[in-house]
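Chain nomenclature is as follows: A, B, C, D and E, assigned in order of appearance, with residue numbering initiated at 1 for each chain independently.
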Amino acid sequence: MKQENNKAHKFGMVIDLDKCTGCGSCMVSCMSENNVPFKEDESNKKDSITWMRVYKLTNGKSFPDTEIVYLPRPCQHCGGKGDHGHSPCISVCPATATDYGYDTGIVSQIYTRCFGCRYCMGACPYHARYFNWWDPKWPEGMEKYLSPNVSPRMRGVVEKCSFCYHRYQAARDTAYYEGRDDIEEHEYQTACTTACPAGAIVFGDLNNPFHKVHQIVKPDPHPDTRNKHVIGKSRNPKVFRLLERLGTNPKIYYLSEREWVRKQGDNYLDGEWDEIKNHHGSSSHG
Amino acid sequence: MKVDRRSFLGLGLGAVAGIAVSPVGLKLTDDSSIWTQNWPWTPVPVDGEVTYESSVCSLCPGSCGISVRKIDDRPVKIEGLADYPVNDGGVCLHGIAGLQYLYDPARIKSPLKKNGDKFEEISWDDAIAIVADKLADIRKKGSPEKLACIADKEQGSVSGLFKRLLKTFGSPNFYTMPSLESYLEVTAAAMHGEGKTIAFDLENSDFILSFGAGIIEGWGSPVNCFKANASRKERHAKLYQIEPRLSNTAANADKWIPIKPGTQADLALGLCAVILKNNLFDSNATANFKGGFHKLAAILQKNYALSKTAEITGVKAVDIEKLAILFAKAKMPVAVFGHGRGDGAQSLKELAAVHTLNCLVGNINKKGGTFVLPKNEYLEFPDESMDSIADAGFAKSKTGRYVNQLIEKVNASSQPAIEALFVYNTNPCYSLHDPKSVKQAFGKIPFVVSFSSFLDETAKEADIILPSHTFLERLEDVPSCAGLAKSVVGLTKPVIEPVFNTKNPGDAVILIAKALEGSIAQSFEWEIYDECLENITSGIWDSLSEDGHVVISDGPGESTAVNVSFLADNPVTIQAQGDYELTLIPIDNMRLINAGTTASPFAIKTVSDRVLKGSDIVIEMNPLTAKGLKDKGFAILTTPMGNARVMINLNEGMMPGVIGMVEGLGHTLNTKNMSNKYVSNKGVNINDLIGPVIESGSGLDAAFGIKAKISKA
Amino acid sequence: MFPFSFEWIWDMGHVVFFGGLWYAVGILGAGMTYCLLKAACDTINDSDNKTSH
Amino acid sequence: MSETENKTENGSMESAGECTAGDTKDDKGLGLGVIFFIVAFVVCFLSGTLLFPKLLYSKKEQPFNFDHALHVSEAGDCESCHSLREDGSFLGIPKLATCLDCHAEDPMGETEDEAVFVEEYVSKEKEIPWYVYSRQPDCVFFSHAAHTEANGMDCVTCHGHIGESTSLKPYEENKITGYSRDIWGKNIFGIKKHSWDRMKMDDCAACHKKETGHKGYCFQCHK
Amino acid sequence: MDSALIPKGAKRCSFPKFTIGIAIVSAVLLWGVYAMFLCWFKGLNQTNMNDYYGFALWIWADLAVIAVGGGAFFTGLLRYILKVDELKNIINFAVIIGFICYSSALLILAIDIGQPLRGWFIFWHANVHSMLTEVAFCLSAYFAVLTIEFIPNILENRQVNKVPFFHHLAHNMHGVMAVFAATGAFLSFFHQGSLGGVAGVLFGRPFAVREGLLIWPWTFFLFTWSAAAFGPCFTLLITKITEVITGKKLVKDNVVYLLAKISGWMIITYITAKIIDTIYWAMVTAPSLGFTLSHFYTDNSFYGYWILVTEIIICGVVPGLILIMKSTRENPTLRIIAFVLGTIGICLNRWVMVLQIMAVPVMSFDTWALYIPSWQEVATTILPVAYGIILIAIAYRYLPVFPQEKELNR
C-alpha cells in the first residue's frame, strides 16, 4: 500500500488567468468530449450543465479603472482536509457514488450509482457539481456524435468534471499494449487543456517534478504553517487556489500577476490580505 | 374439510414466505434499479475503432487545421490540429462544436422549391433544371448582367466557380459581403495599389496598437490571434487597446484607452500628427509616400493638434502624446484596425488613418510589422470561352460597387434591376445593416437561389434552395486570409458521408453551367467539383492533398509605395445616424458568431446570462448612463431604425453615454416544420436597429453604431 | 450494509456504525418476536383454558 | 342509526361465535392452516425459482450458429479474431472484414450456417448482428489490455470455455434491464461455481481484492 | 354507521360529517399526490430547485417534521425510561404525531431524490462517513420503533381488541415497551443529531460548518437537543388544536403543565447552547475561514439579521421563558403563544440550516442565490400535512388515544 502511494499520481491543473481570454473553447471542448447535453434555454446558469464554467471577475472599480479577468472553473478535485481524500463531496455521498482515486487524486462520479440526493452539490462551495434535472435529449440524429468513451447521463443524477478520466484509461490501455508501466505527460491531457487556444491551461501530475504543472506550482508537501489542513500550497507567490482556507485542497491552481485577482480567490477579513500576501508562498519549510 | 380463516391465513403467509425466500424480490429490486441505469430513451453511443482525420475548418475566415476523432465512420469530436501553420493545435469553440452543424435541426435536407409561403422538397435534377431554365430565359432576354451573386468571400475555388459562371453567363455582378479581408483589400487598394492585401505579423510585433480590433474576440484568424496574444507574456510585447468598451481584448491588454465611439480615425490621425511633429517617423519609409504627403502633413498639423484630437476623441492630450511616442519608439510596432471582429462596418478614413501609422513608422513588409502581399492567387482556371452575349454583359459596369449599393439599387428601381440572384455561404438578410430593406430587395428580385446548408433568414427568402454540404462533408480549398501573416491554403476534406441529400456547392455550380449548355457548359469541362479542384490547383495539388495544406508565403513581401491621397483630401469623419443622446455600438462576443451562421447550441450555452437571459438580449451601459434604470431591469431601446425590449446590464466597463449590444443574436431559423429552438428566437438582431451610413468617396457602409435613447419598459 | 457488499471495509467506521445499528435493529426484532410468540402462546393458553372450562 | 349499530353488533357477535366454533376444532384447523402454509410456500418458492426466470428472460437465437472449436483449430487462438487494436483498445466481436480475411466469397464448409453467413451477410456486405453474451452496460469501462497484457490473464477466467464449444447457446436477455443473462449468471440465486459463471461488479471486485489487495476505485472500471 | 369501531363511551361526530371533513382534506392530499407523481414520472424539473439549490423546500419540510416529531421520542424517553408516569396520558398522541412526522419524512425523501428506484442504494451501498447514511438508517429504524409503539394503540381499537391474539399482543408489547422506547431514544438521538450533522460537516460551507466532538459537529447535539425541546411543544400544540376542533378537553392540565415545564427548561438550556454556538461560530469559526457575520446576513433581499433575532430571541428565549415560569406557563393564552413560537422557532432553525446555507455565496465572486418553490413543491410539502390531519382524525375517532378523555367528558 505504501509503495503504491509512492507511485501514486496526483493529477492537477494550473490555469494562467492572465492568458485566459474567456473565449469558451474549454467549455465547449468539455461538453463535446463528455457528451454533455443541451436544452432549449441555457441562460439560467443555475440549471445549465457546464462541467467547466468560466466565471467573470471584476475588480469592482468604476470606469475607466475597471478590470476584468476570466476564471475557468472545472471540478477542483479536492483532496480534502490534510489531503487525505475526504473531499467535501466524497465524505457526504451516502451511496458511495463518488470516491477518491488515491492512485490519481481524481474525484470520481458514478452516474449509475448516484440516486440523486444532491447532498454533494450542497457540500461543494465551487458549484462544480450539476444535477440532471431533465432527461438528456438530442435533436433527431445528433446523438450520432456522442462519444462511446463517456456514458451519457440519465435524468436524476449528479455529474461533474472527471478530468477526462477516459483519456487516462485510453492512455493506460495503450501503455499496457506497448508493455509500458506508466504513461507520458502528453499522453494524458484533458479536453479543456488541449482545446485552449491561448495555452492558458497546463495539466499534469503534481507529484512528478518533471511535469510542467509541478514546475509552475511547486507544491509545498508540508502543511501550511497557518492552517494545518492545507497541504500542497504553491510556493510560487503568483499562484493561488480557490477557497484554500477552507482546507478543501483543490488540485486546480490559478496563476495571475494581478493582486486583486489573487485576492478574490479566497475570503479575507479586513486587513488580512495585506498580511497574508506578504507571507504568500513562503512556508516555514520552503 | 372446512376452509376457514386460518387456512387462508396459512395460504397467505405461505405465499409471502415462499416468495420472500425465492430470489424474486432481490432480483426485481436489483433489476428495477438497473432499468433506471439503462433507460431505453437515454442514448448509448456505439463503440468502435478510434481514428483521426485531418481537415480544415471553414466556419470562419480563420481556416484552422482540425483533427476529427471518429469512432468507426462516425465523427465524435473536433480538435485542433497540432503543427498546423495557422493554429498549431488550438481551436475555437465554434470549430469544436462543428459536429452540431452536421445534425442541426435547421439543416436543409434536400433541394427545396418555394411554393407560396412553404417549401417543397424536389429532386436535384428538377432543381437544377428550374434554375437553368430561369437563367436561360434571362439570357434570352439579352440582359445577362441581371444575374447577380453574393458570396461570403472572393477567394477559393467555389467562389471562383461562381465568378466563372457569372462571367461566362455575361454578368459582372459578383459581390462579397463586407469582411475583414475585404477591408484589407480596400485599404491596400487605396494605399498600395490594386490586387494586394494586408497582413499583420502580430506574433512578432512588440507593440500592438489596436484601434478596437478584437484580437481575442474573433478578429482575423481567431486562434492565430489568441496564440499571438498569449505569447505576449513571454515575448514582453505590449498590447494597447483603443475602444469605448472594456472588451475582453481591452481587459487582457496592457492598457485600455477608452475613446468616444467613431473617433478612432481621428485618434489615429492625431497620433500621426504627433509623430510627424516630433520627427519620430521613419524617413526611409516616408520617402515612399505618394499622393500628397506634405498636404497630409499640413492637414494633420492644422486639424489634429493635440488639444483638438483630445477634444474629439475624449482621450487626454498627454496620453495621446505618450502613446504616439511609445508607438513610434517601439522596436516593431504595429497598428491594427477593425472594430471587434473587423467584419462590421468600417470607414476608409479609419482604415487608412490607422494604416498610415504603420507606414509612418516604417513597419511595412518587415518582420513583426504589416505585410503588403499580393492576393492569395494559387488557382489556375483555364481560359473561359465567352460568347457574344457574355462578352457584352460582362463588359457592363456592376450594378453597385458593394452589396449595399446593390440592395439600394434593387430597392430604388421599379423594374427588376436584378432578375436572378445566387446567394452562397452568407446571410445578408441577417447580417447587413437594416435587414428589412435587404429582405425587401430580395422580394423584388424575381428569382433567388440559395446555396445554404441551413434554413437561415436569407434561405427563407429564396425561391430555390440547393443545399450545400457542411464543411465536414465536402472537399474544398480553404485559403487563409483576414490578415494572417502566413498565406496558407488548406484542404477541407469530407470526414463523413453526407448526412442529407445535399451537394458540394461547386458541384451544383458545375451542374447549372452544364445545363445552360453552349459556351458556358464548355467553360465547365469537369465532371465533378473534386476533379475541378485537382485540376485548377494542379500546381500545389500534390502537397495539398498529401499534407492537407500548403504554405504559399511565410514572410514579408518587398517594400512598396504608399499612397495617402485619400487622407490628403481631408475626408470627413462619419457620424452616427440620428440625434438621440446616447450611442449604440455593437459588441463582438467570441462565443457568438456575427456573420450569417448561427452559433451552435454549445456555443449559445456558454453565453453569459449577462448577455442573453431567456429570450431577452442584455445591453451594457455604464451606471452613469442608466439614470434610474436598474441592473437586470427591462428597458426599451430606441434608435432611428426601430426599437427593442432589452434587459439592462450596468457595467463599469462601458464608457458613459454608450450602449453596447451584442452581435449574433436574434436569429429566426424557423418555419412551420423546421426549427432550431436551441439557437433561434433568442434576443435581438442588432442590425435591425442600425441603418447603413455610406462614406462618400469610398462607398463603404461605415456605420459604427447609431444614436439611441433608452426608456423604462 | 452487509460485510459482503462492495463498499464494506473492516474498519472502525463500519464496525461502530453498523455495530450500533444492527444491535438496535436486533433488539427491535427480538422484542417483536418475543411479543408475537408470547401473544401466540397466550392465545393458545386462553383457548385451552376456555375449552377446559 | 341505531339499526345499523344493531347490525354491526350482530355481525361481531356472529364472528365471535365463529371464533369459538373454530376453537373447538382447534387441532384440525391449525393442521389445515399448516398444510395450506406449506403448500403455498412450496408453490410460491418454486414458481419464484423456476417460473420467474422463464418470465424474466427472453431467449434469442443468434443470427446463425458459430463453431468456436473449429475456428480455434483453424485460426489458432482467441486473439486471432478477438484482438487488441494498436491503441490497446479491444476489438470485441470481429467485424465482417476480419471474417473475410479467411472466408472468400464462396462458402468454405457445407453447413447451413455457412450458407446463411455467405448469403445474408457476405454478399450483402452487412455486419452480423451477434448478440454478445458478455456485453457489459454502457457505464462500465473494461480494459482487456490491463487484464490480458499487463497481468497475463487467460480468457477462460472470465469467459469460460466458450472457445471449445461447437455451437452457440441461445442468448437470454433480461426483459427489464436489457442485460445478457450471463452477467447475473445462469443460477437465479446468483450462486456461482466457476469464475466465469457471473460478471457482476461484485465478481470483479472479489477478484481485484484477491489479486491486488484492493477492490479498486470507481473510475477504474466506470465511465 | 361506524359506531362499532368507536371507543366505548366516547362521543364522536356523525359519520357523514366526518366523511365530509375527511373528503375536504383528501382533496388537498390528492393534489399533493398528483404533484408527487409528476415529480416521479417527469423528474425533479417539476420543481424550481436548481444546481445552487439542490436542497430546498422539501428537505426543509423533512427536517422540520422530524424536529417537531421529536416529541415522540422525548416523551417516550420520559414516560418509559425516566418513568414520568403522568405522561402516559399524552404518550399515545405523541407517538401518533411522531409516526405521522416520520412516515412523512420518508415519503418526502422518496419524492425528493432524483432516482427513487435506486433509493435503496443508500442502505445497500452505504457510505458510513456520510451523515445522510446515518440519517437514512436511523430514520428507518426509528420509524420501525414508532410503528411498534403505535401498534398497541391500534390493537386497542374496540373491534380489533376482541381478537384474542391482538389483545395479547397489545398487552405484551406494552410490557416490553420500555425496551423499544430505549432503542428508539438511542436511534432518535443519532438521527436527529445526524440531521444536524448534515449541515455541520459541510466544511466547504462556512455558514454551516461547526467544530465539534470527534466526528460530530456541534450542530449534531444542537439538533437532538432542539428536537427534544421543541418536539413536546408541537405535541402540546397539536393536542390543543385537537381539543379545539373536537370541542373536548382531552388531556388534564397537570399533564400539560408538566410537559410544558420540561419543554421550557429544555428550550432554555438549548437556546443557551445555541447562543454560545452562534457566538463561537461568528467570532471564531467563520472568521478563521475569512468570513464575518455580516457576510451571511447582508447583500440579499431575504436573509437579514431579522432571521437570527427571530429564531433565537423571539422564537427561542421567549417561549422558553414563558414555559419555565409557573405563572406564564399556566396562563392558557401565553402558553399557546409559547407553543406556536416554539414551533415556528424550530422550523425556522431548520429552514436556516437548509436553505440559507445554499443561498450564501462562498466564492468571493459568487452571488446570493435565492429561490421560489414551484407549486409542485408546495403541493408535495402540504401533502404530509393533509395526510397527518387525516390520520389524526381517524386515530382519534377509532382509537383510545386519550386515556383521560372519558373522565374529562362525562
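Assume a residue touches a chain if its C-beta (ideal position, glycine included) is under 8 Å from a C-beta of that chain, and two chains touch if they have at least 3 such contacts.
The model shown is predicted, which means the values in this text are computed figures rather than measured ones.
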Self-check item: Chains touching both chain D and chain E
Solution: A, B, C
Practice problem: Using mean Cα positions as chain centres, tell me which chain lies farthest from chain D. | Solution: B
Self-check item: Reference chain A; chain at largest CA-centroid distance
Solution: C
Quiz prompt | Chain whose Cα centroid lies nearest the overall Cα centroid | solution = A
Practice problem: Could you see whether B-E or A-D has the larger number of C-beta contact pairs? | Solution: A-D
Practice problem: Round to the nearest whole Å and give the separation of the Cα centres of chain C and chain D. | Solution: 35
Quiz prompt | Centre distance in Å when chain B and chain C are each reduced to the mean of their C-alpha atoms | solution = 75
Quiz prompt | Whole-Å gap between the CA centroids of chain C and chain E | solution = 27
Exercise. Please compute the C-alpha centroid of chain B, do the same for chain D, then give the distance between them in whole Å.
Key: 56
Exercise. Name the residues of chain D that each touch 2 or more other chains.
Key: 87, 89, 137-139
Self-check item: Residues of chain B touching at least two other chains
Solution: 32, 35-37, 44-45, 47, 50
Quiz item: Got the chain C residues that touch at least 2 other chains?
Solution: 6-7, 47
Self-check item: Complex contacts: residues of chain D adjacent to chain B
Solution: 22, 29-30, 32-49, 52, 56, 85, 87, 89, 91-92, 137-139, 174, 176-179, 184, 188-190
Exercise. State the interface residues of chain E toward chain C in the complex, per the touch definition above.
Key: 123-129, 133-134, 137-138, 141, 144-145, 148, 164-166, 168-169, 171-173, 175-176, 179-180, 183, 186-187, 190
Quiz item: What does chain A use to touch chain D in their complex?
Solution: 1, 96-104, 106, 108, 110-113, 149-152, 162, 165-166, 169-170, 172-179
Quiz prompt | In the complex, chain B residues that touch chain E | solution = 29, 32-33, 35-37
Quiz item: Any idea which chain C residues touch chain E in the complex?
Solution: 1, 5-7, 13-14, 17-18, 20-21, 24-25, 27-28, 31-32, 34-36, 38-40, 42-43, 46-47
